[in-house]
Structure formats: structure tokens, C-alpha cells
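Letters A, B, C and D name the chains as they come in the text, with residue numbers starting at 1 for each one.
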Amino acid sequence: MISFFSSGIRLEQQKSRTMKAKILALPAPEVLYVPLPGAQALTDRCVRAGETVLRFSQLSMPGSHVAVTSPVSGTVTGFQALPHPVRGMVDCAAIRQDSEEQELTLRAPGMEHAPDELIRLAAAAGIIDEYDGIPLFKKLKRLRRMKIDWLGANVLDDEPYVCSGLAVLRENPQGVQQGLELAALAVGAKKTGIAVVSSFRARSYSRVSGQIADLLVGSGGRYPARPGLLKRLRRQGHRPGLVGVQALEAFAQAAERGIPQTTTVITVAGEGVSRWQNLRVPLGMPIEDLLSACGRKKRTVVIAGSPITGNRVEELSAPVTADLRCLIVLPEAMQTVKVFPCIGCGKCEAACPVGIMPWDIYRRLQGQEYPDAGQLLRADLCCACNACSVVCPSGLDLSGAVARAMEIKERG
Amino acid sequence: MSSNKKKPKAESQLMEKGGRRSSARGSKKTMHKRLIKESTGIFLNGLVFRNPVAIGALGLFPVVGAGYTMQNAAVLSLMMLVIMLPVCLLSGWMKIPVWIRPAAALVLSGVMYLPAAALAKWLMPQAFSALSIYAVLMIGNSIILSRANDYAPSHITLAVLMDSLGCTAGFSAVIFLVAALREIWSNIVKDTGGVYHAGAYPFVGFLLLGVIAALIQHTNAKRAAAERKAK
Amino acid sequence: MAVQLFFYAILALTAQNVIFCGGVGFSRVLRAARRPKILLSYAGLLSAFTLISAWMGIALNQLVPGISPAAFYRPAIFAGCVAVVYLLAALLYRMFFAARYKRLEPVFSSSAINCIVLAMPFIQRVFRMTGWQITGYAIGTGAAFFTAALVLSHAMERLKNPDMPKAFQGLPSVFLYVGILSMALFGFAGGKLF
Amino acid sequence: MQQLMIQKPPFLRSGQTVSTMMKDMLLALALLLPLPTVHYGTHVLWVAAASVASCFISEIAACMIAKRQVDISELSSVVTGLIIAMLMPPLAPLWLPVLAGAFAVLAARVPFGFTGNNPFNPAAAGVAFVTVFWPQRVFSFSEPSAASVLKEGLKPNQIPSEMLWGTDGGAIGTTAVLVVAACAVYLIVKKTVSWRITVCFLAAAGLMALLFPRIMVTPLTSLKYELLSGSLLFCSVFLITDPVTSPRTHVGKALYGAVAGVLIMLMRRYGAFEQAACFAVLLMNAVSPVIDSFVIAVTARREARRNEQQ
């Protein structure tokens, strides 16, 4: 009964300025640090330092992760571990780009679309879902095991400033729809749909029309969109699954022309940067180049992943990975918060999509160090959307308290 | 509710019943000196540092309900003196099982109420009749009952004597202070065109007690801090 | 009959609240508030004893009318009766509900012997209440005790916060809380009971 | 109150903080001042200034004694001062609001921990304290206010629609019904005040006025008189919706408002004073933690039952 009241918070999106221009493709810089996920051991890597590689030639072929191909042709100068804002440390291959653009000729894969064949193709094409960083082939296998009957393209850009999903949907709606069909085939889902935060905004920004428009499924325009949408679909009797829109577009390209995923679309926006744009950049490009392309101002803070659940970027030399959806640059003046004692307004309880009472958990944790787990109601259902900390007028760290409570509840 | 659940340091086991035999180490004179020091400690505890009314929240009823004129305060503290001493001493000497002790204490204080009421009626008849229920309910006063049940049986008579004296002194100190302040308050309110007997309302008593308890707690904290610094 | 009973019960809860407007039995409320687990049985016991003492008060007031010379000894007699009632109840509990008696051990004696129980005959005499009225009043007082202890136990949970000035932590803040609460009951013209 | 740099997510916070909420309350209260000043003269402004000054000075003095850092940006003591001023009679002697303000801050706010932990609404405690001791002064209106006439069981001579403009007798801020309603809408839209408490409070009070009219009139006019007279409307917007002293859960807020509505009508009928708003609010503040833990216990039991079904 509590979750009936709580339906997330309404944030002003500030997306229109970024969506004015089309996606700007940036050329690859001099030195590229291509991240090799899952390829720590030497055996998984297909190249050694000093070798020259062509475009789309194989860089790593780990068993448990995706195969990574080189976005440019050039010589591999070495392997190093670079810090990354979203995933901590990432192993990268440093490739110095040479002048001529040789490309490995790739042949289109056979047209028969058996589900296992499609999943192997997704692994070979090195496609990673940009919303949660899970490789596409693992996600398809898991959705197939869960026998879902509704597959959706995840265009849920519910945080302010972020609109990379909507930009991709506008650029190439047919590619997304085709990728969706293929993924549905691979997973065995009968119905498909495009999950957006609000179908009105999707129609106006992405100028989606005709046959694709009726696929749109709106989630009510509130943050966080995902829990509310999944709950609504389950109530309608579906068993829903969501796959990132950029992953689907890459999947369509891989199936049609055999090109692996080597670029990703990043939204660079925020008051700390002068030009708000969506940039299509090759994987492994340092973040500094993106920021300089958009004109970063002085005394600003760079946040990666998402303005609400992401974290700050300390070293700007970190490479771009597939699951870095946006770079939000905010002036330092905006980053101060006044912390007051909890005045018990109950807004955090209204904001929580799963019906937790963050004020109750905060009060119990503040009182004694180890409250008994029974009193921390529903703390294990938390989806870490940080909506409670956003809405708290006293500036308290409620999401941290709920995370501590979840850990206490697990530890028992 | 006995307010000294955790044994205070000053209460050495010398004062415990049977404590004298086990600690016969020191000579007669030092034993005597330590007895005097301990008993004054108990008396001061009862009076200020562990005031039964302000810190122990015992026997609030007469202070809050009736303590709005000095006469009332005088009558009540007199009756407290007359009732508390014998009841505590007697219940200290009686050897009865624990669950019968409260009933015995009640009967004892009922019996002791009679001379106290007679004395109060003889000394200040007009004030005694004005008190009506508050004088009667001195029988069930929780200071007397809790002291008689928890403190008296486990301490030697000297300690019990000093403690009841201390508690009576503490009680009368608080009730006189509260009565004085409430009388001043009723005069102020009457002069400025407010209600009559403004001080008689119980909530004024509660508020004043809160402030007094805070002051005592503050001095206790400062004293403890000074002691710690001295160590 | 039932209407009078109900009316006097409500009266005991609001205007003539023994605890806040009379200041009676506050230490018992505090003790009950500090033990939320056995609060209900504590209040139940107390209202039972109040009821018994109310009926005993009626009998006492009829046996020893105000003008007779024995009136002076009436409080002592009543104290004896309450003690006897307590002993009987304690014996009864030890015989039949030994386990529950073990649990209620610390509060049993204080719920039987306290100012509220001793005040009943006096209230019955001063406000000239009939049998039914004093019964309603006794039940109302029990309910008032339970609500006061419940409210206080929740309030004391909230009063344990760090940024309260050191001097007011603990009991002084409870005094102020009850002071303001009994001022709130003033709205029911319950300023002063006796 | 400290000023920190945001280190952990989220990096975007909603614009509404405690100080903006207090500023909204101040704006709404300031809107209530012009009408009575026009009607009763500038003495009203002096009363408001005295009340705010006394609250502010006692707050600073308390911070000095308790050796706490005085933070100006958090204006809750100024809001308390203005609410007290609104409940004072227009021609009140200046020491009345000063005493009410001092009691509100020194007895109801500071000893319980400063901003977030006061169990009682300080403004209501201050006004109740002053009403208890100086009833004639607090209810000394130029012409007898509708509430006092209702108390005697007679029909006030003004017709309800006349009472909308706030020209008849009554406390400073409570007579201008239309302005109070406008402030209510403003505060609810700005989400400074939760609408559940106000709506349930007015609904319960209206229902009680309909079912048990105090004067021999048709239930509808009795409803109009009850709602428009005395400080019921002002209390429903400013006193009872104080987030610190009202329950936290949504269901708790609704329950709290309803019981408060019934209580205030009972106190008006059987109570000692014509305006029982402050006393009803204080009583409800005492009960609000109990309502909260009752609602939490119900959800916990329901959640436990749902876990067994799975």
C-alpha cells in the first residue's frame, strides 16, 4: 500500500538544448587507449606490444567477455591499467594511430538467424549494453533463460541532461527496430516495444513516426523510470526485459554488415561546458578530448555515468568505455549543499519507487550503531536510484544510509 | 524507582549491611573518620547530587500538585520528615521476604501518617485543611516507598538514617524553591491582569522542575568533569 | 447508567486527567514508559487496582462518614486495605500465574501501591460520584495512564538526540515535555484538579 | 547547519531545501500582514516586530549559552515569531508577544534540540502559554469575535460571506480568510506544506460542524460559521502542518489531520477558551509519534504476511 503513493520524482530534463544538433562524430585522437574488458590474462590478448593492427582487427578474445576489435589502424604501443570513473580500473591497449586507413574486409555473416547463432554473433561483435555494462550476449542468454515474452529497447534517459538514447533513436530508428527484431528472435520474445520516459517527448525530440511510433511505451515521465515501467508491464501480464538502444543498433549493424561495435554516443552537457552535444566517439578516446571538443569552462566538476547515480571523474585521461552514457560538467559553485537535521517532511518516502521509508532507516541508524535487521523495513528492495537523496530538503545522505541498512540486513 | 541502581563510588562497601565485619582492616579511629565522611556523602547525595525529586523523579505529586505556596511546602516537608524517618528505619530492621516489603512499608507509612497529620494540624491547622488530598496522599509518596523498599534493607542503620535525612532535606529544598518561584509567578500574573493563582497549575510545577533538574544535572556534569581533570 | 460510566471515563481522560491536571502518579508513568514491552499489562494491572480501590473507597466512605471522629483515621485504614489487597493479589499471582508474575515482578508492587490508587476514595468523596460514576472514572484513569505511558515512551525515544544541550538530556527534557503536554490539556478547562 | 561540498552521488539536488521552505513560509506569513495593518493601524506591525525580535534574540542567547554556532540562514525562529504574532489580538500590549516568543523558543525549542527535534510546535506552545495566563488580554478584540459569540451558543450577527474579508474581530492573521486560503494554495503548490494534513483537518472539522452544530441553524450555515470563525483556517495551514511535529508517513498525516479536526471541534464545544487551536495542536503533536509507529507496525505486519505468501 505504501508503494502506491511513492512513484519517483519529477525532474526538469534540460534536454532540448542538446537535442537541437545532430550527433557529432569526433575523429580518433593520436593515441587511443582501447579498453579490453575481461582480458587480464596474456593468453586472452591477440596482439603483443609493437605489432601493427588494421581497423576492425581482433585485439582480445576472452572466454567470459566480449571480443574487442581495434577502432583504428595503427601500432600497439603497450598495455596499461587506467583508472575509470564508472568501473574503477580498466586494462587498455594503447594504439598510436598511423596515417593510412586500412580496413580489414569483413564479410556479412550468413542470413539464417538461429538464436544461438545470433548470440555468438553478439559476442564476436563486442557489443556491451550501455545502461548497465553487461555484455549483450550474456544479457540475451539470461533473458532467454527467464523466458521473457516482452522485449523492449531501453531508451529510458530519465536523468536530467542525458539524451544519448533519444539521439540514437532519432538518428537511426530503422536500425534500432531491426536490432530489436533480431534480439527478440534471439530471446524468443513474442512482443517488442521501445521503452521511453515519456512518449510525447520521444515523438517531439526523436521525430519518431509511423510504424515505430506505435511501438513506444511511455513510463510516466518520472525518475527513476525503470522500476515503475517494469512493475506496470508485469501488472499487465507481460514478463518484460530491456536491452540498451545503442547495443541494439550495433547488433543490427553487426548482423547486416558484420561491423563490430567500435564507437559509442556520449552526451556532454551541463552548465560547466559551453557547447552541449551528443558525440559519437571511438571506444578508448581519453575524456579530456571530449571535454575540450565541447569547451569546458574553468572551476567545473566532471561527473560520469549519470548526474544522479554516477560518480566524479578524478583523472581526465580515463578512456571512454561503452557503458559511459554521459559526461555532465557542473560549476563548483553548484556543488555545495546545506545540511540540516531531518525535519521529517516525508518527501523521501514519496520519492522511493519501491516503498522504503528512508527517514525511518536514517533515524534508526543515527540512533544506535547496529539496529536489529527486523526494524529496517524493506531495505533489501532498494534499487540504488538515489531519488531519496535528491529530494531531501535537509541535504542528508539517505541513499548511503539505506545502502548501509541493506548491508546490515544481508549480514544479519 | 531507586535512583542509585549503579553503586556510587562514595558508597564504599563499608556501609553495606555486614560490610563492617569484612573491612575491619583499618584502626577504630580511621574507621570512625571514614564513617563520618561516607555519611556526609550520602546526605549530600540525597540533598543535591542525587536529589530524589529532581533526578530520581520520585514523589513529584506533592511538589507539582501542592507546592504553590510556602505554607503548603512547609506542611508537606514537615510531614515528610515525620513519616520518612521511622518508616525507613523500621523497614530496614524488619526481616521479611521481598514481595511483602512494599505492603509493610505502606502500612507503616499509613500508621506514621497519623502523628504527622496530628502534628501538622496542631501547628498549621488552616494550611493543613487547605491541603486536603495532598496531605492524605503523603502516605503513598514514592520517595518513602522506594527508599523503604530498595535502600533501607541493604544498608546499615546509620546509612539509612543519613539517607532519609538527605532525601527529606532534598525534598523540602526542592519544594520550597518551587513554591517560592510559583508564588512570585502568581503575583506577577495577578499584577498584569492575568488569572488568579497562576502558579497553582501543575504544568508550572513541571516546567520549573525541568529547569531545576537541568541546573542540577549541569552542576553534576561540571563536578564530574572537574574530578576527572583532577585525577 | 452506561452513559454516565462512559461520560466519566472520557472526563477522566480529558478535563480531569489525574496524571497531567492533578500531577498524581507521574513517577509510575515514567517507570511504565521506560519499559514499553510490559506497558500494556502494567496499565491493565494499575486500572484493575484502581477499580478495586474505587469500590473499597465507596464502602469506606459509607462505613466511616466524614463527620464521625474516626474520619481522622480513615486514610490509615484505607492504606491498610490497599496493602491487604496487594498482598492478596500477589499471592493469587504467585499461585496461579507464576510465569507471568516472574515477568511482572519489578512493576507489580508499584502498580498496586501508588498515589493514583490511594487517591480514588478521596476523589469519590470530593466530587460526590455515585457507584457507576466512580467506576467509569477509574476505568478512564486506567486508560489515561496507558495513553500517557504510551505517548511518553514514544516521546522519550525522540528525546534521545545528540544536539540537545547537555544539561537537558535525560530527565529534565521529560519534565519539560510533560509540562507542555499538561498545559495542552488546559484547553479542556482541565487546569487544576484538586 | 554545515555547508559541505558534494562528494558522493547524487550531484543534482532538488532546489527545495529547508531554507527555501522557510522563506516560502515567511512570504506567506508576510502576505497576511497588510490587511490587518490597514484595518487596525500600525500597532499590528509593532506586535509582529516585537514577536520576531523576541524569538530571534532568545534564539541567539540560547545559542550563545549552549555554545552552538548561530546559523542565520535557517529562519525557523523568525517563522515561529511571525506565527505567534498572527495569533495575537491586534491591539495587544507589546510584552504579550515578547513573552510568548521567549517561551516558545526557550521552553519549546531549545531544550529539545534546536531545529529538527522539537516534539511540540513552538508557536502553539508560546501562544497556549500566554492564553492560559492572560485570557482576557489574548481575546481582547475590538468587537466581540464570531468565535466568542459561537461559544455562548448564539448566532454571530455577521453573515458568513461578510467574514471573508477579515473586517470583523479576531486575531491578526486569522480573520482575512481569503488571504489565508491564497497562502494555503501557494504553500501546497510549492510543496512546503503537505496537502494531506490540511485537507483531512478541514474535512473532519467540517463534518463535525455539520453533524453536531453548536447553534440552532441549518447544518450548512453552522459549517460556514465554524470554518470561518476563530483561528481554525489559519491553524490548518500554518500550525498543524509543521513537518517537524507532524507524522512522517502519508497515511499517518491523513489520520493526524482527521483526529486534529475532531479534537479542535470538541475543544471548541467543551473547552475553556473560544480559540482552542493551539491546545489541539499541542495535544496532536504529542500523539503524532504514536500514529507514526502504528502505521509502520501495520506496514511491517503486512510486509511479513506478503513474504510468507511468496
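In the analysis below, a residue touches a chain if its C-beta (ideal position, glycine included) is under 8 Å from a C-beta of that chain, and two chains touch if they have at least 3 such contacts.
Only a predicted model underlies this, so the values are computations on that prediction, with no experimental measurement involved.
The chains that touch both subunit A and subunit C are D. Here the chain at the heart of the structure, going by C-alpha means, is D. Of the two chain pairs shown, B-D and B-C, the one joined by more C-beta contacts is B-C.
Averaging Cα coordinates per chain places subunit B and subunit D 41 Å apart.
Rounded to whole angstrom, the centroid-to-centroid distance between subunit A and subunit B, based on C-alpha atoms, equals 71 Å.
One finds 22 Å separating the Cα centroids of subunit B and subunit C. Subunit A and subunit D have centres, each the mean of its CA atoms, that are 47 Å apart. Annotation for subunit B: residues touching 2 or more other chains are 201, 207, 210, 214.
In subunit D, the residues that reach two or more other chains under the touch definition are 107, 111, 113-114, 117, 132. Subunit C has residues 163, 168, 172-173, 176, 179-180, 183, 186, 191 in contact with two or more other chains.
Remark: subunit D residues 1-14, 16-21, 73-74, 113-117, 191, 194, 243-244, 246-251, 253, 296, 299-300, 302-303 touch subunit A in the complex. The residues of subunit A lying in touch with subunit D in their complex are 1-2, 5, 9, 11, 159-160, 301, 303, 306-312, 328, 330, 332, 335-347, 349-350, 357, 359-360, 377-378, 386, 389-395, 397, 399-400.
Here subunit C touches subunit B in the complex through residues 20-28, 30-31, 72-73, 75-80, 82-84, 86-87, 90, 94, 108-110, 112-115, 117-119, 122-123, 126, 166-176, 178-180, 182-183, 186, 191-192, 194, going by the rule given at the top.
Contact residues on subunit B toward subunit C in their complex (touch as defined above): 1, 54-55, 57-61, 64-65, 99-104, 106-107, 109-111, 113-114, 117-118, 132-134, 136-137, 139-142, 145, 149, 200-207, 209-211, 213-215, 217-218, 221.
The part of subunit B that touches subunit D in the complex is made up of residues 189, 192-195, 198, 201, 207, 210, 214.
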